[in-house]
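Multiple structures follow.
Consider the two complexes below, in which chain A is the common component and chain B and chain C are the respective partners.
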Partner chain A sequence: MLEIAPMKLSAADLALPAEALVADGVQLALADDYARFSLRARDAAILEGLLGRKLPAKIGETLDGVACLGPDEWLALLPAGTALPLGEGLPVSVTDISSRALGFVVEGPRAVELITSGCPLDVAKFPIGRGTRTVFETVEIVVWRTAEARFHIEVWRSFAPWLWHALAAAA
Partner chain B sequence: MLLIHCPYCEEDRPEVEFANGGQAHIARPADPSAYSDPQWEEFLYIRRNPRGRHHERWRHVHGCGRFFNAVRDTVSDRFETTYKAGEPAR
Partner chain C sequence: MSGYRLSVGGRINRAAPLSFTFDGKAYQGLEGDSLASALLASGVMLFGRSFKYHRPRGILGMGSEEPNALMTVERGPARMTPNLRAPSVALHAGLAAKSQNRFPTLRRDLTAVNDTLSAFFPAGFYNKTFMWPRAAWESVYEPIIRRLAGLGDSPTTRDPDHYGATYAHCDVLVVGAGPAGIAAAVEAAATGGRVILIDEQEEPGGGALADPAQWADLAASLAALNAADNVQILSRTTAIGHYHQNFVVAVERLTDHLAPTDAKGAREKLWRIRAGRVVLAQGAIERPLVFDGNDIPGVMLASAARTAALRYGVAVGRSVIVMAVHDSGWRDALALMAAGVTVSTIIDLRQDVAAELVDAARGAGIAVHLGCAVTSARGRLGISSITYAPGGTVDERAIACDALLMAGGWTPTVHLWSHAKGTLRWDGAWGAYLPDTTHEVMTCVGGCGGAWDYGSGLALGTLPSAKPLHKRKGFVDFQNDVKARDIGLAVQEGFRSIEHIKRYTTNGMATDQGKTSNLNGLQIASDVLSRPVTEIGLTTFRPPYTPQTFGALLGHHKEALFQPLRKTAIDDWARDHGAVYENVAQWRRARYFPRGAEDMDAAVLRECLAVRDSVGMFDASTLGKIEVVGPDAAEFLNRLYTNPWKSLAPGRCRYGLLLREEGFIMDDGVAGRMAPDRFHVTTTTGGAARVLNMMEDYLQTEWSDLDVWLTSATEQWAVIAVQGPKARDVIAGLVSGIDLSREAFPHMAVREGHICGVPTRLFRVSFTGELGFEVNVPAQHGRMVWEAIHAAGQPYDITPYGTEAMHVLRAEKGFIIIGQDTDGTITPEDAGMAWAIGQKKPDFVGKRSLARPDLVAQGRKQLVGLLTEDGTHVLEEGAQIVADPDQPVPMTMIGHVTSAYLSPALGRSIALALVADGRARMGETLYVPMPGGVIRAVVTGPVFYDAEGSRLDA
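Right after this comes the complex of A and B.
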């Protein structure tokens, strides 16, 4: 099998500040490294059997680091270094997309305000654990409420510097 | 902002998450090699442009990613209904 060395991303590669941005009532920081997987299957049961874990059944729900993005699509954010079986021969797709995106953590009483400065969804009404794909201005993101006053935002790496500065400007 | 009901997400979502996919319910030719040039022209290029009720494909591109069908009034821009791809026209 072809081995592809994982691309190591650092804040400096993307001209992002390594330090968190602390503003009044809100903090913006780069998230930890994650192993990211795109999981696709028409029949979730086959994927669940392969991975040995339950998947969230409804779009927008999350379970143990996995968000259901579409009727046959899940995004897994797992601890860095996690390997998943690829399911060769099964009607599923397990793709390592760790280097495709990176995460921001927006935290604090003004977290909702910061996200709604560019996101059209009513994230204030998100229950904790809700995660969905959407947009910030014109940039595609995944918004995931991880606590009452904390959101995780996934963004493709090429859009990350722009998103950082847009959020920093709003903060 | 216009809200569009996604039949897969089962909720109203903002218009900016969606992309229009043109006229809906255009059947592919069952036997493409038997198609004449005028039939290909009809299939590929000829589209309705009604004033009023119109069946369209839409895609929840910045959401669940799915194509679905919608009935939209081209005058008022009001969405009458949306339904999953593969379901009969409403």
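Right after this comes the complex of A and C.
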């Protein structure tokens, strides 16, 4: 039997660092807290009426902190502490998922290159404001272009350490 | 020792000598050399030993088609790469290469006895010979055969390198930077779209690198492409696979061409490229000719000698003969003469060769023999002479030489075209398959598209010979040591399709995937079968185009990043308190919390007793959670789960059982009705994703009429189970807004309120059989609330417990674990859970299957308890159960043990088992035959502790 030396760093050792990562041409930081909601409805107008705000109409479009992820699905990223009416009795679903995900901010001239290292979408062609659900390698993420050289990435909490270190390795 | 460096010519830098070693001996090459060209320049002819017969082998080709010259390159400790093709290894200072598959040395290989005995090693030899005794295969035959017939050794230490990966998008991807590829890239660049040009060699140029007349144009075109900001040129990058919708995977070698001290960053990079249009410009590979001795070192492709001379400034010999059946051999011979390499003779099987070629050859002083064929090459570690004869007859004449070049025509490289399911058509003039039709936006240009002028020639299986096929020793597949006669033998033994012939002979199955052997093999089979080539079929081209490292394919996913390890919000606390973990799906969970020198049994015993006697706490955050919301939420769950849901009042919970359509248990969990239109559904840890997928599947395909939506909430909530008689006392001081009294908050109820100042969904549920609560709080507060409960529990000696104690506690109560006590073939009735089926419900997933005759038949395995006669003996999970231990082997097995533990509450061992007609066997003694003896156990009900459930209602 071959003896293979233990790994210097194992998956169990990966943790979110306290500080932003600054690499050549790109930096990676944890985003501020948000209130997050999954909004679902067949008829967007009912949700709009309930929430008192317009929703983006097409998949990939965003409007005032809300991204359209699917034909009947929106992700709201709102200031921390925001409460929304649940719409009980209406044909809608409003679910608080504030704690489900963490946000990363990827910023700098190499931001597109870094995200493209593991995301199969043509991120370079995202207009500012595009937000969509995709993957980074095997991990589901939401990528949101918030400025020419800045992206917000949403990732489920338990996948965040892996994603952080995968991005750091590629940066 | 015949090759040497020409005094002029080539693209090497003569002012920059590089020292390197081969098999420990020092050599010198030049900057710009490959390992192959540097060794050839030093007079080395012997590069390796063949795979099966250990025959001496030299260089055949000068590109990635090379089948013989496989090297192990060492780049310091743990950086050893076997099976690299010498022509594809860039020379750098200090490079250390070793030959492979020889013992003890390359020149004196004792295992070459295989060659002497080769008549006894025909195709299929191993399969036919080493069949008996069967048991000897693993222990004797295979290890010896593997040692004798092998490639290089695998590295034995952890790879210290890291590897990059990326996706890329472009409008046009050009694969191959020869003249045709560069022209395509220039044209594409002019349209303004994004262009990626990839090429496997050290520098772009392809065939033009061996043609000085094209260098000026090449430099100009490359300068223009480099200057264009919409063009990316990737050298040392091999396109290894072409998948649907123009998805091309390529591997870029970033550091292996550098001296180890200069190597920084990732070693290789995986490119996953999506292209609007793919232009394949992979060129063509010259075909060897098949005759006796065609594998002796010094016998090589004419194109290889041309590349050696014109790209690397190396003459492959001082007296060179060309055996041609194609015009390109003549052109190469003339180019070699012009470069200062002495070509003594051109032999061509054809009588009619273009006059201008013949005249030019004669004018250059080359002897010309038309209508003749080489009948043998001679020499042992290197060629020394050949014989040739008119038409390959017995009228042989000998000529001395130190190199023999084969010009057998050209095979367009259609690998990537074929990966993408492009069709091929046979072209008689090329004697090869050419691209035909495709569904992709993909074109083939230059040599690989059949659009390159190499001249004309013949396409042959073997050179003519007076010997019968079975006596000839010409090789077809150099890497797998397949001879023409092996293909003859395969046909003789009844194989007709090339797919079968290939597998029987292993022709084309080596790491070079038959780049130089497939077409010759096909022609030989066609000749032997007397059927046209097109009726023989063509083997399938599969990725990767050339062998790749595992590191390159892994990309980001190496070691710590191999796959995500999911940890809960409370995981750090568990780590700090000495938890021993186990992995459950992608999660790691605390298995137990040993104190001092406790082993698992001792820790689990203490943790279980604490829950039964006082109170324990458990991190249940990994449980799957799905928020099911909408006016039809209850109807949806009613259709999906076996249980009735519509009658469940808000604020109450119900245990739900989920079946597959076949009626077998798939998952389970407790769901709480938070509001008339909102359920908080839990699933097993491992089943969370597949349950959500199944729900979505039904919702989208079967029940799109329902207004209900699903949101994964697994990661939204941290879940802390507080279990035990003192559970209420522990949390009472922390909870606000919820009346915790037995009357106001009964078992199987859920309330919303606050704990430690943060919102909670508080469930009164129990998987232990004790009074219990499951505290759900937003994950970001999980650690804080856990610590607060732990502090509040100190007066009661609150004990954190892990998954192992949880398993024991639930087994004492007879609660099943999906996947442990069920195996995908267990119905609710089998599991003794018919009570979970809503009998009045018109339908639910799996209902109809439950009435199938075989699911209600006698003899099905049913879940029961087992108590060993010796209460200290814990059965082994998975152990088989028989009714009569004295019956002859093989015994009739009537069931198996699914769960077995030492029960702290009972002070003895307990087990759950699936036993045929188990519930009819209560009190019966069954037998578990084990290596140490037969264990006797009595069948009981599956609930071992507090069967009436009085403790739950405390």
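The rule we apply is simple: the second predicted complex is superposed on the first by the 157 of 171 C-alpha atoms of A that agree within 3 Å, B and C clash if a C-alpha of one lies under 4 Å from a C-alpha of the other, contacts with A are read in each partner's own complex, and residues count from 1 in each chain.
Going forward, a residue touches a chain if its C-beta (ideal position, glycine included) is under 8 Å from a C-beta of that chain, and two chains touch if they have at least 3 such contacts.
In this text the structure is predicted, and so the values were computed from the model without any measurement.
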Per the contact definition in the header, classify A:Ala101: touching chain B only (first), chain C only (second), both, or neither. second
Using the touch criterion from the header, give the chain among chain B and chain C with more contacted residues in chain A. C
Considering only the touch criterion stated at the top, classify A:Thr132 as touching first (chain B), second (chain C), both, or neither. first
Now for A:Gly49: first (chain B), second (chain C), both, or neither, which partner does it touch? neither
A:Arg40 contacts which: chain B (first), chain C (second), both, neither? second
Partner chain in contact with A:Pro120 - chain B first, chain C second, else both or neither: both
State whether A:Ser93 touches chain B only (first), chain C only (second), both chains, or neither. second
According to the stated criteria, A:Ala170 is in contact with first (chain B), second (chain C), both, or neither; which is it? second
Looking at A:Arg157, would you say it contacts chain B, chain C, both, or neither? Reply first, second, both or neither. second
Chain A residues touched by both chain B and chain C? 73, 120-121, 138
Interface with chain A, chain B side, in the complex: residues 1, 8-10, 13-14, 16-17, 62-66
Parts of chain A lying in touch with chain C, wherever the complex brings them together: 2, 4-5, 7, 9-14, 38, 40-42, 72-73, 86, 88-101, 113, 116-122, 124-125, 137-139, 156-159, 161-163, 165-166, 169-170
Contact footprint of chain B on chain A as seen in their complex: 59-60, 69-71, 73, 120-121, 132-135, 138, 140
Mind pulling up the chain C residues that touch chain A in the complex? 156-158, 162, 164-169, 272, 274, 555-557, 559-569, 581, 587-588, 627, 629-631, 675-678, 707-709, 711-717, 778-781
